[in-house]
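Residue numbering begins at 1 within each chain, and the chains themselves are lettered A, B and C in the order written.
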């Protein structure tokens, strides 16, 4: 087993990182917004919304993949309603990013929500009495104090994206260079005799990336903790 | 550490795990306690319907236990110590792989069926979408160069004495001409040519027809034959190239054309006894390869093994 | 103009508050026991809680009116709030905490001025977690002041501080009062603490505002039924008599009072506490007695509280003196009666300065 990666492995690696980065970008703002909403607002039907948000955590990923196909696939009902069936999304790398986004969303929401619930409401009240609008309170008090949760959520969503398989293969297919991310490449290798070696290499790459992401987030979280003046 | 001991330990653990799984499965299935002459058949997923039917008609419900998955998965499970009596594969390469690992009873390998490639479209598209592949459309003045190319290469690569039992060959010419006139945005579901046997046959056939370079950009490679079928069923791809047997099993797709079998390496379904196979299993193996079951295979869209 | 006028009800799952008053003193002490509803009251004023019904008017602006369903959100009310638990932003240093309040004004000079007023310059780069309780409270006061409030609420500003820290903070409270020029509500469960700031009180008990007005009028009408009454006297330090171990202080009307030695400079203004039960009434001066203070005065009124009677005696300042009902009879106490108030030097409690080290 050599260390140098083959072009196909580079391709899968680069694609995985691109898809993960995009899905993180997609999940970031809505994830924070939904986390805040669930942490700070009560409304009728909240339980239902919570269940819906967390559905991807408990449903088989393939089901989510089919759900995406039925909504945003070639003849999905949203595609037909909004794009006149002209939506060319499924089986592109954007579909892979979207599938990862959907799967990572609950992880982001959960982490952010827990972090925001830990932010003392009294500090937000104090900020309000000092003349800060709700938006400014969120930006300057809530969000900075919930930053560790945002980092954790982002990492989880990113990692989920790197490992996402079922929804991706269903909604985005397994197109080399387009949607064949690391796990799909790994699985593909195992479909033919003699694929064990390459599969092992891909597994090692996955492990290295995941560990790197974990270490990075840990370092960032520590920095933030120091900045927040909390003891570690 | 002694590698042999490690190996046996691994096998032992594997066996324990398998036993646990078997126990859970059998207890979950309740009253179907296995009889003493039970045997286990590992079958490629594409063979599932016919093997189930065979088991039923041969009255083997109580003795034959069927485990189906992709051939690659089955082979790797056997290598890791899974215990079975027979293996039925969709591609000879995995039999060779198992032979290499000395898991196959020597001399037990035999061909049990063959298959052919067909071009399918979704029923809904076939009924409602006129621009999609239709025989009339193929004569359109706008038809691409590929169409004429295919005609030329088809003529060149199809010797008149080939595949006498391939009935659709007669109308192949007009069908293929029109079929391959895929609208520019349409997608063609195919098996992944790099890894999936279906994909490799498809690539070979399309290369022989000089269409591969044209259709490749529109192709949607899937991880197995069934997924290719499903993409057409779900209308995520406008057309697909799948096994005739799979297409026959689906009520939601229409076969538009059949590929001559000599355009690609023969599709070979093989069966073999694994080391230590029980007599009942061997008997079932003989049944599988006897001419008596040929009509049944045909019903399921398979062809008799190539001579 | 009335600084603050309100009449509202607020009911929650396990509490209710009913409040109504018109307040126009520069400083109003909000006095009531713990759990009486003081915090809810303040939250309603600041807009952190929404009353069920009624109205609240700050200055000339109606900030809440259930009739028109009007509710001004807290960030638009201009209500400065110094919280009991300070609520400094842990992720911001002192300077950023101050700047948070002063964003609209955005003037560095104002910020510097207030920082100087509360002597925060050396602390500006520190995080709140590294500050002492007193330092945190000074930051909280400065921050509230910088938010340019129209009214300032101080919720138990001295709670959790020991006597030494209190003595440190109290001068800053005075500076705050002088610097803002806006009406101030000083909330505490400790009457003597309030009386150092003001004699104008709003009483809250068991979820309702029971009365408001001047301390004496409230005492006379028997409204203050809870807690220890206290005489809080603003005195001027005259000189120290180190030989006798005494500091000599004077009221505005030049009445001399002796207390134990205090760490203060002659000429300095001090607040001194003197409990009504620590004062003894006699009809004449008593010679050969250890008490250092014998102040002649005249009984203004008697407040009968049943088990005890409070006599309000004018000795140049008005002192509340606790006596038993039998003593009232024996001494024939009544309005106009000439008496002498006796109390020991060490009955004087220095509220805003430290006793001298022995």
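Simple rule for what comes next: contacts are C-beta pairs under 8 Å (C-beta built on N, C-alpha and C of every residue); 3 or more make two chains touch, one makes a residue touch a chain.
Quick caveat: nothing in here was measured; it's all calculated off a predicted structure.
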Quiz prompt | Chain at the geometric heart of the assembly (C-alpha centres) | solution = A
Exercise. Could you find the chain whose CA centre sits the greatest distance from that of chain C?
Key: B
Quiz item: With chain centres defined as C-alpha means, what is the inter-centre distance between chain B and chain C in Å?
Solution: 90
Exercise. Take the average of all CA coordinates in chain A, do the same for chain B, and state the distance between these two points in whole angstrom.
Key: 36
Quiz item: From the C-alpha centre of chain A to that of chain C, how far is it in Å?
Solution: 55
Exercise. Using the touch definition up top, name the residues of chain A that touch chain C in the complex.
Key: 120, 122-123, 125-134, 137, 140-141, 144-145, 227-230
Self-check item: Sites on chain A touched by chain B in the complex
Solution: 69, 73-75, 88, 90-91, 169, 173-176, 184, 187-193, 195
Quiz item: Within the complex, which stretch of chain C touches chain A?
Solution: 46-48, 73-81, 83, 85, 87, 89-91, 100-101, 103-104, 127-130, 143-144, 147-148
Exercise. Would you pull the chain B residues touching chain A in the complex into a rising list?
Key: 70, 72, 75-76, 93-94, 96-97, 185, 187, 192, 194-196, 220-224, 231, 234-237
